[in-house]
Each structure stands twice: as C-alpha cells, then as structure tokens.
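Take a look at these structures.
Paired with chain B in one complex and with chain C in the other, chain A is shared by the two complexes that follow.
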Partner chain A sequence: MRLLNRQLNGLAGRVSRHRRRPLAGLLVLLLGLLLTGTVYAAFSPSSATAGAAESDTEQIAKGRQLFLVGCAFCHGQNGEGVRAQRDGNIIGPPLVGVGAAAVDFQVGTGRMPMAQPGAQVKAKAPVYNADEIAALAAYVASLGPGPAIPDAGDYSLEGLSDQEREEAIVRGGQIFLTNCTACHNFEGSGGAMPRGGYAPKIRGVEPRYIYEAMLTGPQSMDVFSNGNLSPDEKRDVIAYLQSLENQPNYGGFGLGGLGPVSEGLAAWLLGIGACVGFAVWIAAHTTRTSKGNVSA
Partner chain B sequence: MSIDTSKVADTNATTPAKASKPNPIGAAAGWADDRLGLATAMKKQIRKVFPDHWSFMLGEIALWSFIVLLLTGVFLTLWFVPSMGETTYQGSYNQLRGIEMSEAYASSLNISFDVRGGLLMRQMHHWAAMLFVAAMMVHLLRVFFTGAHRKPRELNWVIGCLLLILGTLEGFTGYSLPDDLLSGTGIRAADGFMKASPVIGTYMSFFVFGGEFPGETIIPRLFTVHVLLIPGLLLALVGAHMLLLVYHKHTQWPGPGRTEQNVVGYPLLPIYAAKAGGFFFVIFGVIALMGALLTINPVWKYGPYDPSKVTAGSQPDWYMGWPDGALRIMPGWETHVFGVTISWNVMLPILILPVVMFLLLTILPFIEAWITGDKRDHHILQRPRNAPTRTAFMVSLMTMYGLFWAAGGNDIIAIKLGLSINQITYFMRAAVFIGPAIAFWVTRRWCISLQRHDNDLLLHGYESGIIMRSAEGGYSERHLPISEARSYTLTARGRDEVYVPGSGVDANGVASPKRGVLAVLDKVRGRLSKVMYADNVQKPTREELEEARHHAEHEHTLQAGLDHPAPGHEFDDHALRTAGDVPLRGTASSPSAGSGAHTDDTDQ
Partner chain C sequence: MNDHDNNLPAVPEGDEPVPNPGLPPHHWRPTDVDPKAEKRAERQVAAFFGVATVALLGFFVSYFAFQVGDNWDTIAGLGASNLMLGLTLAIAFLCIGIGLIHWARKLMTDQEIVELRHPAASSEEDRSTSVGLVLQGVDDSGIGRRPLVRNSLLGALGLVGLAPIIMLRDLGPLPGDKLLHTIWKPGMRVVRDVVGTPIHVSDLEIGDLVNAEPAAIFELDDEGHHVVEGVELQIAKSKGAVILLRMEPGEITPWKGRENWSVEGIVCFSKICTHVGCPISLNERTKHHLLCPCHQSTFDLADNGKVIFGPAARHLPQLPIEVDDEGYLVAQSDFTEPVGPSFWERDKT
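The block that comes next holds the complex of A and B.
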C-alpha cells in the first residue's frame, strides 16, 4: 500500500509539476480553440464555412453593401420591392421572407442579377463568388424569416442501407412523375410554359439547387413546402434524378430525351435518309458483264 | 411433262454424247416441277422486267420494313402480356421495383431488361414502324409527282392510301400497348376524341373501353387489333398492291426505246432478285443499327400509366403528329345547343380534318381524270414539271402537312428555339392557310419556268459557255444543239388540251349540250381544266423544231467561211466523248438497249 501511495504521489507530483509551467494554460486554451474551430468548420453549413472568419453581423453588413450595389435598383434598398407606375407591374418583387435558399438559388445559378427583363430569367454563369452569395443570402435572410440554405445532408442518401436507398429512389421516382414531369419532362429535359416561359432542363443541375427550387418555387414553379413534400421526399426526388444520371443509356443515344418529336426527326433524317441513299446507290450500280459501263 | 435434261445429248458430233452427271439442284427442281408445275408458272414471271431507277425503290423500303416489323413483332408477342391486370414489378430495373403496374407494362419492362435481345427487338420494331409509314408516304409522293396514279393504276393508288391509313392505325395501336405514361396519355386523348363526336361519342367510348376509361379491356382489345386484324389486312392489301404492280407492269421514265407498249429494264432473275434481296438486307441493317444505337420510347423512364399523371413532350409518333398539331392550334370553339356541347375545337381538327384529307387523297386520281377527261393508259411517267398544277397541288398539301406537323411539336420548338409557344400557335393558325397558297403559286410558276427551259433546250440548244463577238462588237453566247436522244426524251410527252364546256359530242359525233346539274358540272370542269392547263408551256411543234434546226444549220454554214470557225467545242471534252450523248438521268435513260437490257412487251 505504501508503495502504491508513493507511486501515485509521484504521478500526481509530475502532473502538478507540469501544470505549474506558465505556458501550460495558454497551450490548453489554444488546443481547445483549434479543436472547436476545426469541428465547427467540419460540421457547419458551407455558407457558414465561407464566412467563418467574420461574424454574422459583419457578413450581413457585407451582404447589404453588395445588395445596395447589385440588387437594390429593382428590389428596393431594403428589399421591399419596386413597383412600376402602372398597376400590377412589379419591377422587382419584395425579398422580405424569401429566405437564404431563394438567394442561393437565384444568384448561385446566375439567374440573378438578370441580364434583361423578359418572359423568363435565364440561368447563366454566376456573377458573384461563393462568399458574396453567402453574404447576400445572409443579408436577405436577415430581412425576415424564410427557408435556409439546405445542408448537404438534406439531399444525400448517406447513412441509409442499400434497401432503404432503393426504396427512397423508387419513392422519389413516383413523386417526380406525379409532380414534376408535367413541366420538366419525363427525364428532366425541360418543357414549354406559356408566353415564352419554360421549365428548364434539370438534368445535370446540382442537387442543392434542385432542393432550393422545390423549397422556394422560383419564377413559374410551384413551392413544394415541407408540408407539401417532406424533406425526405425532396431528398428522394433528387436521389431519383441522380440515379437516372448515373445509369447507363440502356437504349443507346438518348436523342435529347425529348420524346417522340426527336424520334420522328431521327426516323426521317437518319432512317429515310439512309434508306433513300442506299436506293440511289443500288439503282446507280447496274449489272454489267464486262468492266466497261453498261446502261439500260 | 418435264424432260429430263440430264439425259439429252449435248452434242451433234459424230461421237455419241455421254450423259453428264445429274445435277442435284436440277434434280430437286425437276422433282418439284413434276408435282407443282413451277416451270410453267415461273417461266414468265422470273423474266419479268423492271426498269432501273432509285425512285422505283421507295416502295420497297416500306415493304422491307414491313417484313422487319413482322419478324420483330413475332418475337415481341412471345413475351408481351396483353393484360391490364395489376401486378407488382420485381424485375431488374431498380427505379420501378415494387411499384404496382399493369401486366402489360411489367412485361414491356421485362422485354426491355430481362429478355435477351428484347430491348433491341423492341427498338427495332418501333424504328421499323416509323420507317414503314414514312417510306409509304415518300413512295406516295413519288407516284403522284410522276403521274403513276393515272389510268390504269387508280385502284392501286386507292389500295396504297388504305395501306397508309391502316399503317398509321397499326402504329397507333402499337404505341398504346406498353401501357406506360406516354401510351396511356395517347389512349386518353383517343378517348377524348371519341367523346367529342356529337350524340354517339360517349356511347362509342364506353363501347371501346368496356365502361369508363381506362377500364380493363382496352389493352387486350388493342392487342388483338394490333397483332391480328390490321396486320392481316395489311398483308392482304400489300399482296393485292403487288399483284396489281405485276399485272400493270412497272412504269418507266421516257427515253429512246421506251414506249407505252414496253418496259425497258432488267429481268427479275437474276438481277432484280439480287437487287431487291440485297436492298432488304440493307433496310434490315439500317433498322438494326437504329435499334442498337438510338433510344426510342424508353418506357422505363415514363413509368406506369396513371390518369393523374402526364409528362411534358407527350406527343404521338410522327405520323399522328399532324392532326395533333391541328388540335394544338385550333381555337377553343364550342357550341351549346339543347344542353349538348359540340366541341368544334376537337371535332374539326381530329375527327373531320384527317377524314377529309384522307378521302381527298384517295380520290385524287379520279378528280384528275375527270378534269382532264383522259381515258388513255399511261405507262410512261411524267416529269413533275410537265404537270405544273398537279405538282403544285401536292407541294401545297405537303406544306400544309409540314406546318401542321410543326405545330404538333410546338412545345419542343418553343424550348429549343427560345420562342413563345403562344406566338408559334398564332403564327401557325395563319400559316396553315397562307403557306400552302404560297407554296402552290411558287411551285406552279417554277414548273412552268422549267418547261420553258426545256423548250429553250429543244429549240436553241444548251448554253455552251462560249461568248462570241460579232463584227459589230456585240456579244452573244453560243448555243449548241442537244443530242437526238435527249430531244426525244424531252419531247416524249403529250399536249395538254384545255377542256371547253359544252363541246361534248354523242356517239354519232353530234353536239349534245348538257343540261341542268350536268351543265354546271361541265362548266366547273372547264374552269378547272383551264386552271390546270392554260398556263402550261407545250412542247415545240414539229415545224418549230425543224425551223430551229434549219436556223442552227444556217448559222453553221455562215461560220464555215470564217478564218476561225467556232464550233463551240474548243474548250470542252466533246471530242473525248464516245456516244456524244448527254443523258437526262445518269445511265438510266441512255438509248443503248445493248448487252444486258431487255424489253418486255405488254400484252394489250
């Protein structure tokens, strides 16, 4: 027992001897901070990662500056929207309550700031970088409560068993065919809307933007709120679309995935074109008994 | 009755001939001939002569794709389950596993993913169907543009029209069978069309669907129609079409040696058997390539049919596209009488327009024959330019068809060209009337100009490209006469005569003016005949041609005394040519009926 006590005392003495070092406290503090920061950076949403260096208030202030320069002309200096003189015409809709998700979608896909007014705002190369989009989103989100930018975890099948994944994809396919194909076509190739509008092609679009589009209903699109399509169902739709993109083209070239119109075009141009070409070739090469040309 | 040719002496020399070894093929043929009398039947037919021209092979494309349809179709029936009974999919396609669907759709998926070669067969069948109808239409256009629908081939034209409409229906029933979202939408549309017919509409719909749409009987019923009824009719009509072709003999292009009483070309065996047989494999190959490389109707992406769902880009296959286009651009006219809604917006474009167009197409040869009063047989084809009004009429029908067709794809055009679907609709509403009128006028004038050009060639020769300078300093281009053969070809056509009303004579040659309705019809006929023929350019008369020749000879003699006579062939390869012949259409119309050519006299 004495031996044990002495050994324990010795251990304690050594620890306490270290603790007495003047730099020890500072070291522990630094380690703790580093750990917290790393963990935060690893688990926080991407928008927060971008602005990790600055506080929320700073980010909102930066977003406001960007907003005043790039957006306020149409959306108003406080995001209250701008109406034209004529009744019913809106130059820019109010942004109070649209949420960060709407900003991330509209600016992230390059739709905003728009190049010109028209039947539909086109997607183009984004004008702002990720930091700026995050700042704009933070500013607009500060105007009123609205849907936040979804986490990667919201639209990923990570953590599900194979069985659950397959079920999710099947469920997503049925939701897609019920709610989305009427405008976006059966494989997301897009479709026409009245007066020059269109449902854009959604093949090859980042899952985040598809999720945000469902959440916020940009332009002519309906809002699929969480009460309408639960977050899991949104995830399933995205999983189905991803599964279509990942599967091989079983039938060969897809002809744009547009349905019978492009098939008819192929039948006439390629099919009849080739057949008539061969007919010309066969009729031009008539029989002969010698090397010289013989004609009938 | 046959003679054993293997025992006949094959020499008349002094030494007796030895019997050669019996040929096994000859022995087999002899055996068959003894029992079936094939030699007598085939003797004439295997020497049947067909003229050589690419445009005569367009109908073959349809025939061969029909054969491919039969072959692939038989394969598909071995696995397809024509039933609307519900089942749960448990096949290989992950995205639909566990979904409730009809057995028809489940078996379509099964054919696509679990039957070896099934998807290839499905795609080949569908592509062959698209080509079948398209080839029939191209063939129809060739026949009409060249005047091959005239007497004695009017009934074959009618059979061809029936084949076209039956092929279209066959395509529609096939499109509806897999019971995917697209085909179900098509059936739903058909249900709507039926219900748009006044009074009997709902009864018809309930009769066809065995109750309210969709019911449980439509797929089995369409299956019977698709694999038994229409293919049977198609086969019978294809047979009749080809028997009439053999009976009438094939038409031919005009040219030296070609008359209304003969056919110049090559015999069926061995040449046309090889050509047509080879063409079958070419068509088979084209269809197989398309089936292997190009996706058509990816049913797995559409999902099972559910009346609550629809997809953007829901179009029928192309041959049903033009009535669909008419439907899309039709204004929403409706009339309400006695509590009944008459939906003109559906009836006019879908129930009335296609029927009217089809009937018009069918009776075109008879209308033309009535206007022209032409009772002669025609085996020599007309060049499209030599029937300007007829050519223009078909081009204007084609324009109308094309515009309706484009209207059927208005949503795809809108998204691909960045247009407003509404503006396309407004444009098409006017264009389907104005476009054909413009096309008619342009084509007619174009044909007449080409006729003038032919007459220039005949009377003044072709443009040699040699510029002559006269003593006075004036410049002119030297024209050189075309060959005799070409002159013959260009003049091998009749003279158009405008019918003058009231000029009818009875059997004794006594004028017999018509009265009443007949008189009115007579006047209409006269007016139509005038529209049809009055502006045509007729071929030069014998006197004009001879005068032109004298003129050319006169010029030639004038130049004979010059220091540097200019025959006009200084800079071309005229001296190198052997025949001195400029054929009208490649080798097909050259006059040498030498080595391989055969002439088949028609038995009149």
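The block that comes next holds the complex of A and C.
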C-alpha cells in the first residue's frame, strides 16, 4: 500500500509538472467524459430487458414520446405533415397510412431523422436503437392502416427445394431486370437520377429493408405493393440480389459494376495513359552523349 | 511601289533567300562510343526477350494447370485461369515490345539520312510513250471503227451493274403500315411483364408502377405453345410494352378527348421513348416524371406524356384503358398514334 501511494504521488507529481501544458485541459475533459459515460452505461437500465414486457399500448405511448421529440417538428404532432406557410411546399409529408414498414425502413437505415433538407436523404448510421424504432413504427402504424414490417419468412427461401430455389432466383432476376434495373443498375449498383437525386446501391442491403422499400416506395421510388409484385415475387427479387453476392467474377475486377462509366474511365486513364507514357519514352532523347565518336 | 512592297524584307543575293544551315552536328550515344555500354544494352535487350520467353512458358503451364470455371476466386478473388493466361501473355507482349524499342534506341544505327525531294511527275519522254501505247491499243482493237461491238459491250456491262442493285430488293418488303400499329386490340388485357398475370384495379395502390405487356404475347394455344412466337413475338413485345402508373386522380390533367383514358388514377403509356426508342421506366413517383436513360428525355405522365426535357420531339403515346367485367385493366383500343421514334412517313398517312 505504501508502495502504491508512493507511486501515485510520483504520478501526481509528474501530472502536476505537466498540468500547465495546453493538452492537459483536454485530457482531463476527455477522462471526465469517459468516466461519466462508463458510469452511466453501467447503471442505466439495459434496453433489451425493458422492451420485452411492453404491451402494445405502452409501446405506442413510448413511440409517441419519441415521435414528439424527434419527428414532430417536420411531420406534425399527430403525423399530419407540415407545409411551409410561404409557398406551400411540403416540409415533412403526412405519415398517416404509411405503415410500420415505412418507419422501419426510414429510421432503420438512418435516413430519418433527416440531417438536412436536400435533393435526397442519405442513408447513415441509425439514430434510434431497435426498440425505439419498433416503438416509433407502432405509433405511426396506429395513425392509420399501412403496410406492416415483413417477417423474415416473407423473404427467405427456407423450405424450398434446390430446384425451386433456382427457379425463384431466375424469376427474381427477370423481375429485377424488368422493374428495377432502369434506376438501380443491372446488378444493383445504383445510379443517378434527375436534379441531384440518385437510386442507391442495393447490394449488401439487408433483405428486410429491400422488401420494405418495394412495399412503401421511399422518396422518389415507385411503390411495388403486394398487388403489384406479389410477396413471392418480392422474395424472388431478394433471392436474385443475394445470389449476385456469390456470383463468380470471371472477368476480373468488376469496377463497381457501373457499366460504361467506370470501365470507360479506366480505359481512358489507365489504358491511354500508359500508351502516352510509352510514346513519351520512345521519343525521349535521353540516349545522346556529347562525347566524341571513338571509332564508328 | 506601294506600301506593301516597302514592308517586305530585302531579298539577299544568291539562289536561296536564307542560307542553308545544314544538319546540326551529330551527337553520339553512349552505346556508340563506349563498348561497355553497348554490351550492357545488348544484355538488357536480351533480358527483356528472356523474360518474355519465361512468361510465355508460364502461359503454357497455366493453360494446362488451371481449369476454367471451378476456380474463379483462387488468386486475390480473381479467376486463376483467366488471370494467369492474361497476365503471362501481357507480360510477354510487353517485354517483347520494350525489348524491340530498347534495341532500336540503343543499338541500331543512328545516322541521320537525307533524301532530297524530286518532282512527282514522270519525264516528258515516259509520258509520251505511255500515251502512244494506249492510242495504239485503241487503234489495234478497232473499237472506234466497230460501233456494233462497242455498243453491245456497253449494254452488257450496264446490266452487270444493275445486277447487285436489284438484289437490294431482298432488304424488303417495305414495312407498309406495320409502324403505325401494335398488337394492342380493344379489350386486350394489360398484364405484368415476365409473369403475365392480369392486373386488377384494386391491386394497385397510389404510387404503384407496373411494367406491363399486352396479354396476347403470353397467350398459349391448346398444346402450350405461344400463339405469337419467334421474331413476331419479339416485335410485338418491343412495340407493345407499356408502363402503368397509379396516381391521385386529381393530379391528371387530360387533354380534350382523353378524359376517359385513365381508370381511377391509373394511366398507361408506351414504354418506348419517342426519341430513338429506348425502353424507359425511370419514374420519379412524387413528380410523375419519366426519364429516358439514353438521352435524358423526360416526360410528364400526369400531363399526357408531354416532353418536359431532352431531345424527344413528341409526347409519349398513351394507351386508353378501361375495366372489363371482372375488374381487370384492358385496352380501349390500339395506340391512337405510332409508338417509338419518328419516321419519314409518320405524318403522311
């Protein structure tokens, strides 16, 4: 103990010697924040245990609280939407009838809450955790009937034979190439849309969010409701997208699968660049010397 | 003398206005004056050819060592067979090329050579001899004296020229009125592309977009064969492709005579761009703007397919639709105007 004290004193001495350095204040601040955070995390109730026992009513009530804090500024206190008084443009669209699937997609992919208005809302790290998203979804679903969050069974190929799976992937590919490729590219790499918009890359996106996007038509995307593309057809599209992940890349580097854009760029910069480099080397007069001819 | 002549510089005496500077002094290369450098360059060139040989041997080895198909991610996530064949061949060609250039730059002779320019025409004597030979040939053949032979020859040669021209007829027959019509008929169901299922009015929600086709191209006969098949099927499909879009009925502003062409906010337009015929389905749901990916022509589907941007000169043809007894969407008629890009006879019929 005495040894420890002596060491601590020594440490304190060293610290005090360096205390007036400009970084010391920052260091103390960071330590304090870290300590506060750790203590808070240790004593705050675990979110997983809190959500389990909630009834629907409690969940909706909790969702409403979250909604009033995080969403109501743009979407109105009862999800009725807000329009600008000056020009009548929509600030936040009404959420009555958009359903739980829309909330799960928008909040789960981090698109909502929106960081700033613009041509298109970007996906980012989600702000709310799973329980909070479920509560928000339950609240918005209670405003009016709309598409529900799909089950994992809706988009999984479980229970199908190998041949049925293959058929599903082929059919899904045809549906994808007919309905989705125009905007999202032939292998789901995304693409540009007018006036600053873009169709996002949909490879590597969780199947649930792809399903919800088809169901609800986020932002400028068209809706592919269950009457339009049946649940089985949606499942097949997702199966096709997932099959792309395991597709052999015989051609070498895919260059993002963006087609002529990235391939043309590579050809112009690398291919023609190399040709120009060789031409410069061939024509360079670097082999001359000013020494006189010895014999020749 | 006017001002112009005064401004000209004085012409110096002698044959040439500017004295011929001659060739600059020749600078020798290190390989010309230093035997060691020459040897080194020789070894470098040989080394490049040697590397090319090794790479080509590697090409043969990889051809037999790597099977196509079962090893698409063996080397750095890329296929072994394709990668090694391409890589070894590329190295071989590159090294042969670099070796040749290096050889030419360092070792091949480096003397400037001067060749004076001569007049392009032949001498007077050669020309008169040639003309004489031709005239003698004309005289010997007697073509000027025997008009019967000459004229019959000209007649035969003229028909030879006509022979390939008449074969161009096989490019036809002319399209006739095919460009004016599609396979759509009154009462034909609008069905989903790929799966071929009919579309009930209640299937679609506001904002839904369906890539659809005429039911006839999915129609099967008693034995399960397509009624329309082969090239005819492809033509019918490419001309008859449509997109269905459901929007708030109040958003549609139909032209006069088109008031009953939509069903409860569902409109149906040709999918073929009127510019050069690309299939279009890049729709922005909130604006009902349909964008062609080829040249960015944009059509407003709430406003009769009017062009609002881009090179397309004509609005997108709209297919008038109604509902049949069972509630499925059907065409009221064929398109009332030709679909796809403009053509010469379009407005002359």
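Observations on the model:
Going forward, the second predicted complex is superposed on the first by the 218 of 296 C-alpha atoms of A that agree within 3 Å, B and C clash if a C-alpha of one lies under 4 Å from a C-alpha of the other, contacts with A are read in each partner's own complex, and residues count from 1 in each chain.
We take it that a contact is a pair of C-beta atoms (placed from the backbone, for glycine too) under 8 Å apart; a residue touches a chain by one contact, two chains touch by 3 or more.
Predicted, not measured: the structure shown is a model, and the values here were computed from it.
When the shared chain is aligned, no partner comes close enough to touch A:28: not chain B, not chain C.
When the two complexes are overlaid on their common chain A, residue A:233 makes contact with chain C while staying clear of chain B.
When the shared chain is aligned, chain B and chain C each come close enough to touch A:253. Judged by the touch definition given at the top, the superposed model places A:222 against chain C, while chain B stays out of reach.
Here chain B and chain C are compared by how many residues of chain A each touches, and B touches more. After overlaying the two complexes on the shared chain, residue contacts for A:269 are found with neither chain B nor chain C.
In the superposition on chain A, contact of A:175 is made with chain C only, not with chain B. Of the two partner chains, chain B is the only one that A:196 touches; chain C does not reach it. Once the two complexes are laid over each other on the shared chain, residue contacts for A:282 go to chain B and to chain C alike. In the superposition on chain A, contact is made by A:186 with chain B only, not with chain C.
Chain A uses residues 174, 178, 182-183, 193-194, 249-253, 278, 282, 287-290, 293-294, 296 to touch chain B in one structure and chain C in the other. Note for the complex: chain A touches chain C at residues 171, 174-175, 178-179, 182-183, 193-194, 197, 217, 219-225, 227-228, 233, 248-253, 278, 281-282, 287-294, 296.
Chain C contributes residues 26-34, 72-73, 77-79, 82-83, 86, 101, 105-106, 193-195, 200, 202-211, 245, 279-287, 289, 291, 293, 296, 298, 309 to its touches with chain A in the complex.
Put simply, chain A touches chain B in their complex at residues 119, 166-167, 169-170, 173-174, 177-178, 181-187, 189-196, 198-199, 240, 243-244, 247, 249-255, 257-264, 266-268, 270-272, 274-276, 278-280, 282-284, 286-290, 293-296. Of all the residues in chain B, the ones that touch chain A in their complex are 52-58, 60-61, 94-99, 112-113, 119, 123, 127, 130-131, 134-135, 138, 181-182, 264-266, 271, 275, 278-279, 282-283, 286-287, 290, 292-298, 300-303, 306, 308-318, 321, 408-412, 414-415, 418-423, 583, 586-588, 590, 592-598.
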